Each structure stands twice: as C-alpha cells, then as structure tokens.
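Please go over the structures that come below.
Each of the two complexes below includes subunit A, the first together with subunit B, the second together with subunit C.
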Partner chain A sequence: MSTPTKTGPTRTKPADAPHGVVAPIIGQARQVSFWAEQAAPIGLVGLVIVFSILSPTFLTLGNIRAMLVAAAILIVLSVAQSFVITTGGIDLSISATMTVGAVGFGLAWQAGLGFVLSGLVAVASALVIGLINGLLIARGKVTDFIATLGTLSVATGLALIFSDGKPITVNSSELLTLTSGSIGIFGYPIILAVIIGALAWFVMFRTRFGLHVQAAGGSEESAVANGVNAPRVRIAVYLISAGLAGVAALLLVARVGAAEPAINTAFLLNCIAAVVLGGVSLTGGKARIVGPIIGALLLTALTNGLTLLGVSQFYQPLAVGLVVVLAALLTRFQKK
Partner chain B sequence: MFSTDATWQRTLRVAVPLGALALLLAGCSNGASSDATGAGGAKVAAVIKGLDNPFFQAMEDGINDAADTDGVDVSIQAAADVGDTSGQADKLSALAGQDFGCFIINPISGTNLVQALSQVSTAGKAIVNIDSPIDPDAAQTANIDIATYIGTDNEAAGGKAGDFIASQVPAGSKVAIIGGIAGDVTSAARVDGFRAAAGDLTVVQETAADWKREVALTAATDIIAANPDITAFFAANDDMGLGIVKAVENAQRTGEIVVVSVDGNKDALESVAAGGLTATVAQYPYAIGELGLQACEVVAAGQTLPDQIESPTALVTTDVAADAIAKFPQPFEAFENPLTALLTK
Partner chain C sequence: MTQTSRNEDEMTTQTDFQPGSAPASEILLEATDIKKSFGGVHALKGASITMRRGEITALVGDNGAGKSTLVRCLSGIHRPDSGTIRLDGDVVHFSTPNEARKHGMETVQQNLALVEELAVWQNFFLGRELVHGPFRTLDRKNMKRKAADMLADLAVNAPPVASKVRRLSGGQRQAVAIARAAGWGSKIVIMDEPTAALGVQETAKVEQTIETLRDSGVSVLLISHNFDQVMRLANHVWVMRAGLAVAERRTAESSGDELVALITGAKAH
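Up next, the complex of A and B:
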C-alpha cells in the first residue's frame, strides 16, 4: 500500500524570518483572531503599563492589595455568570440574588446565629432564587432573559420586605478579618475568589458535568442526542450562579459593614462585561473561566487607575463602556 | 480556549514579556517622589456621594473653591450614584495608599467606608466626616479616629419644614411625607424632625422615593388621587420636592397644596421664586464642603478641632428666594464659621 503524498506548493523559509521565541508571537500577532482571543490579558497588561507610567502609586504593594480586594466580589460574580452564559443563558438577577443573600446574612446575624451559620443562610437564601430561575427556564420554558428579569424584581422586593427596607449593620470581628486580613499582598477576599475560580475551572474543564454545560450551550439537540440532560444542566448552572452570588454577598457585607437591601446594578453590568471581555460567547457553547477573571481584574484596574489619576466620576463609566464595546467588537474575530 | 495548553502557551508568550516590561516601567515611575503638602500645608483627598445629585455637586464646588482660595492640593472622587456603597469604598481604598494628609469623607451609609478608613486611621491620617455620619459603633470596632463631624442637624431641618407647614394649613389637615431611600439615616432624621414638629397634622401616607424626582412624581400623583383633600407634602430632598410640584401641577392644584423640601439646591430656590415649591430648608452643601476643607487645614496647622461642627440651615420662602438665589451657593443669612478663629491662629 502506497503512502499518500502531499500535493501543493512547498513553502521555503525566508532566510531573514524571525525564529525562536519571537516567531510565534509575531506570527500570531498578525492575526486579528489572536487579539480577539487574548483581549483580556493583553488589555490588562496594557492598562498596567499605562497606569504605572501615569501614576507612581498604581503598582505600589498597598494599591495592588486594594485593587485585588476590590476585584474579589466581581470575580466571584463573573465566574458565576460564566456558567450561565456558557449554556447560552444569562442571569440578570445575579446582583439582586446577592442582595437577598446579604439580607439573609444580616437577619441571621441579628438573630444571633453567628458568622458560619449566617454565611450558610446567605448562600441558602440565594440558592432559592437560583432554583426558581432554573425551574422557570428549564421546566417552565420561559426565556432566560424574561425569567431572570422577573426574579430580579422579585428578589429586590424580597430583600426590601425582609429587611423592612433598612440596612442591617453587622459589627463582626470575623467579617472585619475577612475583609482586612491578608497573606502578603493577597487579602482574604481575593484568596477566596481565586479558590472559587480554580474550583470553577476544574468543574468546567475536568469533569463530565462541565462537558455537559458546554454541550448544552453549543447545540441542545445534539447534547440531548448524546445523553445530556439539558434541563437538569440548566437548573444546575442557575443554582451555581446563585450559590456563588451568596458567597459574593458574604464578601459584600464584609466590605461595606452592613447588609443593605438596595441592589447595586453596577455588579450585574460589570460581571456581564467581564465575561464578554474574557472571551465567552454570549450565544453559548464556549466556556472560559480564566478569561472572565482577567476581565474582572481589568475592569477593577481601569476604575482604580482612573481614580488615582483624579479622573472625574463622569468619565469613568464612559471608559468602562468603551473597553467593553471594543471587546465585544473583537469577539467577531474569535476562532469558532 | 483557556483550557488548552496551546492557548496557555500563547497567552504566556505575550503576557510574560509585557508583564516584565510593566514592572520595569513601574520601578522607574515609583522613583518619582510626591510632595505631601500643597501651598496651604495639606494634601487633601475627598470621597463624596454621587455627583448625579446637585447637592453633592455643590459640596464638591465648596471643597474646590476653598482649596483654590487657600492654595491646598485636593483630589475629589465620588460614588457612581447614591446606592454605590462598594464602589465608593473602592475609591477610598485606592486613595488611602497615596500621600494625602487628610481625608474628607461623605459616606453613603454609616458603615460602607469603615474598612477603608481603618487603613487611613492606622496610617495616622486625619479624617473629617461631612454630611452623613459614620456609624460610631463600627468606627470604634475598627479603631477609627474621626477628627470632626461637619453636617446639618437633619432632625432640626425637618423640624423647620414641619413648623412652616403647620403654620400654613389648618390643624388636623392631611399631609403626606415622601422620604429618600428606605432606611436611610439622613432621610429618617428629616422625617422624624418633621413628624415631631407637625404633631397637629394628620399624616395620611409616608412613602420612599429613593431621592429621585420621577419616583416622587409618581408617588405624589397616586397620593393626590387617593386623597383629594390633601393639603401639604413634605419631601426629604429638593429633587423629590420638585417631582411633587410637577404632580401638583398635573393635578391642577398649584397654590392649593403646600410643598416643602430640604436641601436648597439652585433649581429648588428658583422653583420657590416662581411659586412652584412653597419653601425649601436650605442646607448649604457648598458651606459643608468649604468647612470640610478648612477643617483639614486646621489639622495641618496642628490645631485641635471641635468634635462636631453644625453647618447652617435656613428656611427659604418666596419673600427671600431672590436673595438666596443671588447669594447661591453661599448662605444668604450670616453664619458664624467656628473654624475662622482656628485658621487665623
């Protein structure tokens, strides 16, 4: 049996072609898809360079620590949103779910349940919203956008009802330790966020469930044909999203020293922005965990740098918006 | 995908050299020393509430103008909006690591800046709390030392509004209260002050309109429809007061229903002059900002500040509205600045 021979023109390597380490970088950098794929890490490094030149404070250990602590909540929410978006869904109720978790923590703390039990109440409260989302979408066949828009309102109302519209001040030494304690420059919030990110990465890329999440987002028909229980996967991702929102609630209460019933929509918008920056396709099927984490760091670094430079509050949302729109444009060039 | 080794290698090939370059540049830039004192003797940072509200814009103007007059180096940052508690904390955390000698703080809630302030206090930097007080228990837990609190007696401001409405309508008349965000300390104090002063009046409804004009407009429209014999509204801020004025206009009840609010923003003063709002209790955020900056100067000069400084308030009705507009943003009534003596020492 003869071996097939390759036909077509053979390429000769030019004598002056770059080689070694530089060649792959230059070769890839010529392709728009490379910039699209690596938008978040390249953008983050670019920001670090610019801000470190413009502000002597930006890369001081104190500021790096402050930035990482500030990014922790957004990282957790971005990881949560990544699971949902990978299935082709979206969780618009995530910040309201976090608020419900925060109020749950506050009420449990007020009732004298202590730090650990109050934390569990926070996660459990959030999981209720996640379960409602999952059932509405997977079993009730309600569009994710409409379902989570509805639960956003429901969760907002519940938070106000249970707290009587009043912030619950939490003076806790454990929470103070959680928010101000650190190992070197790494505050406990960012350590917790990174652990969550690592676990999420493992679940998404090293388990059968993760494979099912990606399959459900790619083509539900094909996924079902291959034995994936798509409705169950959808319920699971909304539960994961809500559970992580509950963990974020704990970090939020620690950060602001109170369980506040008013929702902060900035977290919702920014976590979706971080996911987009991280290269996750909003149409689903394409999973990323590290990307959204870097996206969250990029958005935090951007706000921090602009603050250090004394840029007016009016211009800061504009800058964030431009970065997100640019990232969204770049996703057109990603390799499918 | 980030999960594949090839992508990781591609990412690292780009990120590592660029990261090394960033650190190299940072090493160069960190050599630049920054002078901790401006011409006035103190480098000041201010973190205030959202600049989407004219009250806090006037406060910012007060800080800036006082800094320009006295030659003080000041950096002002604000929250994205009145609910952005964590965002405001992030801004303070970013500024806390810089070489500011004094921090002017206007927190969204009693606790949201406590964690960042503990860092400021530990570094031995002065903290001047303006407008909204920091929760004293939370401050004690975090070992935060507040140099002084500068702000309006919100209960007294609400009381002035209550006294005025009580003088304008018959005893037992139906009135409604529109507060800010449910549970907000400032709103609660103003409402409590109003209730205490308006004891003879019947409060038919109290609702929260999140400090927003359009929310207050909707709420007031509904209240007027449900209570056609309503005689007056009290709003915890001017923006909501102007929303109520619009609802009264829409119901063709202008002149019949008394509307009084708190703040003394320019558009509210103009509304009073035009016969829209009946009155506003002017708070002078400009003066609060100015006093905050001056307090930092007093600290820089090594003087001791009083624990609390009450900023002025005044009831602005149609007869004094023109004068108030002419003097805006300064107080139109004379007030004794307790820091003047300390600044001239």
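Up next, the complex of A and C:
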C-alpha cells in the first residue's frame, strides 16, 4: 500500500479495471515519440530506481527533503527560462542576473534596509538586466544569443564591481527561516518554487499573455498579423526571466548565507538542460512548465545520487552533459 | 441549397444588369482613382473598382497588373498615394490592417497567418481572445464552442477545433483561415489566391466554403488566376492591366476567353 513498487505485480492478476488504462499506455510505449515526449518523467523514475538500489540513503526522507530544497533554485530558473525559450529566444544571462540580484540583496542588507526592502532591491536590480535584454532583443533586433551573452558578461562584471569581488555575509533570521523552515518534508524553498511553477503554468496556459507568448514563438509573422504585439511579448518574457532570477537570488543567498559575486555557470547550463529535458523545443512555440520542473528535479537527483555514491564531483558535469545530449537526441522523435 | 441561390443570383443579374450603373445601395465598396508608387514603379495608376453587397467579386489580371497592390491598399497594408475608398458610402482611410478590420474588412493572407503549434481554436481567437472571471482567464470552453460552430457552419471539411494546425491539410487550413476572417461580423472578406496550393478535391471544398460565406451575406473579393474558378464562383469580375482596372463584367455574361482577351489587351475594355 505504501510503496508503488509492491502494488504493481499483485494487481496485474485479478484486475480487469486497470487493464483498460494500462493497455493504451503499453501501446504508446511501443512508439519512440512516447519516450521522447515523456523523457523527463521517465528519466526521473529511472534515476530514482537505480540510485535507490545502489544507495540505501537515497530514498530516505532526509535525503528527499535535501534534494527538494536543493532543486528549488533550479526549478525557479527553469520555469523562467521556459518562458524565454517558448518565444524562440534564450536567456544566457539568467544566472548572472541571479548573481546581480544576490549582490543587490547583500548591499541593501548591508546598508540596513531590512529583509523585505532588500528582497525588493534584489528583484529590482535583476529586472534592470531583464529590461536591457528585452529592449536589445525586441527593439534593437539583436539576436537573443548575442544580446544575453553580452549582458551575461555585463551582469557578472557589475556584480564584481559593486561587491568589490568579495562575498557579503548576510545574517538574516528571515533568510534562515526561508532556507530551514519546512512543512513536513517540504522545505520552504521547494514550496516557493512549486507555487511559482503553478503561477507560471496558469499564466502560460490560461491567460491571453501566455497564448501570445506561444504564438510569438510559433510564428511571429502570423502572431503579428493577428494583432499580437510581439516586441512587447519579448520584453515581457525577459522581464519574467529576470524577475524570477531575482527571486532565485533570495533562495541562493539564503542557502549560502552570503551574497557572492560568483558566476554560477552551472545554474545557467542546468536550467537550459532542464527546459530541453522537459520537452520544450529550442525553436519556440511549444510551451511546457511541468516538464522543465521535472527536468530540474531529474538533474538535481542525478547530482545528489552521484554524490551519495561517492563519485567524484568532476564526473557530475559529464553526467549532466550526457543526459542533456541524450534528451536533445530524443526530442527529434517527438510528435510534431 | 447553394446551387439554387446561385441560380437566383444569375437570374436577377441577367434581368437587372446594366454595366457600371448598379443602384447606390448595392455598392458596398467603391475604390476610386487609387494610385500607389514604390520608388519609380507606378504599381497603381488610378485604379477604380466597386464591389456589390452580398456578391463574390473577382479581381483578375496578369502578374504585375497591380492586383495585390490594390488589395493591400484596401486591407490597410499599404497606404494609397491618392484616391478614395468608400465603404457603405463613407470615405475611409486605413493605415493598418487592424483599422480595416475594425471597419469589417478582413483579409485572408496568402500565408494564412496561422500559428502551426497552436490549436485551431487558439488560432481562431488569437489577438481577440475571450476572457472571463476576476483574473481575466481565457474562456476556453466558449472559444472552443464558438470556433467549432463557425467552422461547422462554413466548411464541409471542418477539422476538430482541438487539433493543432500543424496536423491539418492545406484545405482545412484554408477553411480555418476563411472561417476566422468571416467570424467577426465582417462585411468584406478579401482572399488572395485561396486555392493556389491545393489539389482538386481540396479546391472544391474551399470553393464551397467561399460560396457558403457569400450566401451568409458576406461580400468576397477574390484574387484568382484560375478563370474556371472565377466563372464558377464570382458574380462580378474586374480585369486589371498595367496598374488600371480596365474592364468589368458580370460573369454570367462573359466567358473565360473574353477575360483572357481583356487581360492580355487583345480586347481593350
């Protein structure tokens, strides 16, 4: 009753009812497109099975809790990146923007602004980078890749300049609560990430704006012909991306206990990887929110599992890279 | 049903017809002396056409005769250098397609302006979504129902509204684009070569859709290179040559051969 693995084999014998549900799934499983569409959840289940066999601690409540907390930042960034990639763009500056937000928080905290105001400063300073991205891409017609590569460097530089290259220690009781508080096994960071994910899903699939994001990514020409203001949509997705990077900055400062002007490249690559794993096409037009969240969980479980198994940290980028390349290959077989 | 109403049309036109002198109330659109140049190229040199209410008016002419430019002036994509456009007797100026749309002039563009990754109903309402509730959420149920109704009314090959446009055939896409253009209380739907890329069966279905549209009271301006199609569908035809509308005919009193002669200039007007 408690574990799904036990119910599986016992059920197959007497059941008539589940047969009707299982048969179509088995039928679908014969097609490559099924595996391509469901790459992230299948990969996640596969990893969980493998790691729980190899490591007894992997599926303990403590480790699950730690994994979920560790996944929170990546989930927020992946959701943010998902909006940009749905329009056919890419935000390479997302992790540098998060760093700017973190340094903004640190400086505001140091100046004695308190938690709430410092949090607002973090989001606002991140939004500045997002606005620059949006204007460069939508109004300046600079390619997404180049524009955000530029702001990646600019944002990293600004973070270093403003912080003088040193981490700013933050002893905030609110941040301590944010990072250590929990409801059951769900820490506040993962709860925040899931709420953001739910809001993002709602905006993407239940509002006019979300439809316009998908339309602008699917065919900008057709979207514009139907009265969609594509430049405004583009500016908006970069603002969303940056704003969420600002929120992720709070989680990062809370976790580290300091605002560091670090580059955080791993977050950039992993959030793009999570979005690709989640089934979002890099050419745009195909929106997913749950997929990238599962993708982020998968990448976190992969890193966590390898660490538990005592595999050297040097192998982690290799493993993440392999998973992403595999996922990208699989997406070729997705249903059109 | 469609057949009888066509015959009625032809009968009335045969009895009432006097070239160029239709009663004012019958004239829905009147474009007078439209000129448009691109640099040194005079694409339109003072073209004048009229469209009658509830009819299919065809625009024929050789490549470069100015058909597309004229249509683009009417639908607000180009601004004419001079000339007037009267809609229902009132002078109108369109500087964007949206303004033309507000006056009830919809254009089915040659590329159809559909987003392949979106569902039929999403394409149907793109840019004019219905929303409800305090958070102005998309009224999906209502949009799906309305899109399905409008498609079913108009097209024999109506695709399911939930399917992605990517999965539709060329004829189905055309039907979606036409139904969308017709679906906003439009008075005039302009179509540029709607069947150019379609096979025989699909062409027949799209033609049927255009006839149904006309029978529902919408006036259609049809650009076509296919004389058989013009003779089959249109009530009235304008011939363009070298930036001018040189002749008009009731299709019931003309022939494909005459149209060819008018287009090439073998017959002046």
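The rule is simple: the second predicted complex is superposed on the first by the 317 of 336 C-alpha atoms of A that agree within 3 Å, B and C clash if a C-alpha of one lies under 4 Å from a C-alpha of the other, contacts with A are read in each partner's own complex, and residues count from 1 in each chain.
Convention: a contact is a pair of C-beta atoms (placed from the backbone, for glycine too) under 8 Å apart; a residue touches a chain by one contact, two chains touch by 3 or more.
Owing to the predicted nature of the structure, the values given are computational and were not obtained by experimental measurement.
By the document's definition of touching, of the two partners only subunit B reaches A:Pro41; subunit C does not. By the touch criterion stated above, A:Gly165 is placed in contact with subunit B alone, subunit C being left untouched. Judged by the number of subunit A residues each one touches, B leads among subunit B and subunit C. Of the two partner chains, neither subunit B nor subunit C is touched by A:Ser95.
When the two structures are aligned on the shared chain, A:Gln81 is found in touch with neither subunit B nor subunit C.
Of the two partner chains placed around the shared chain by superposition, subunit B and subunit C are both touched by A:Lys286.
Of the two partner chains placed around the shared chain by superposition, neither subunit B nor subunit C is touched by A:Thr151.
Contacts of A:Ser118 after superposition on the shared chain: neither subunit B nor subunit C is touched.
On subunit A, the surface patch touched by subunit B in one complex and by subunit C in the other comprises residues 286.
Contact residues of subunit A toward subunit C in the complex are 202, 206-208, 211-212, 214-215, 217-219, 221-223, 225-228, 285-286, 336. Residue ranges on subunit C touching subunit A, taken from their complex, read 97-98, 109, 111-118, 122-123, 126-129, 131, 135-138, 140, 166-167. The touching residues of subunit A, counted against subunit B in their complex, run 21, 24-25, 28-29, 34, 37-38, 41-42, 45-46, 48-49, 52-53, 55-60, 62-63, 66-67, 69-70, 73, 160, 163-167, 169-171, 173, 176, 179-180, 201, 204-205, 252, 254-258, 260-264, 266-267, 279, 286-291, 300, 303-304, 307-308, 310, 312-314, 316-317.
Those residues of subunit B whose C-beta lies close enough to touch subunit A in the complex are 1-3, 7, 10-11, 13-15, 18-19, 21-23, 25-26, 29-32, 34, 50-51, 75-80, 83-87, 89-91, 93-98, 109-112, 114-115, 118-119, 135, 137-138, 141-142, 181-183, 208.
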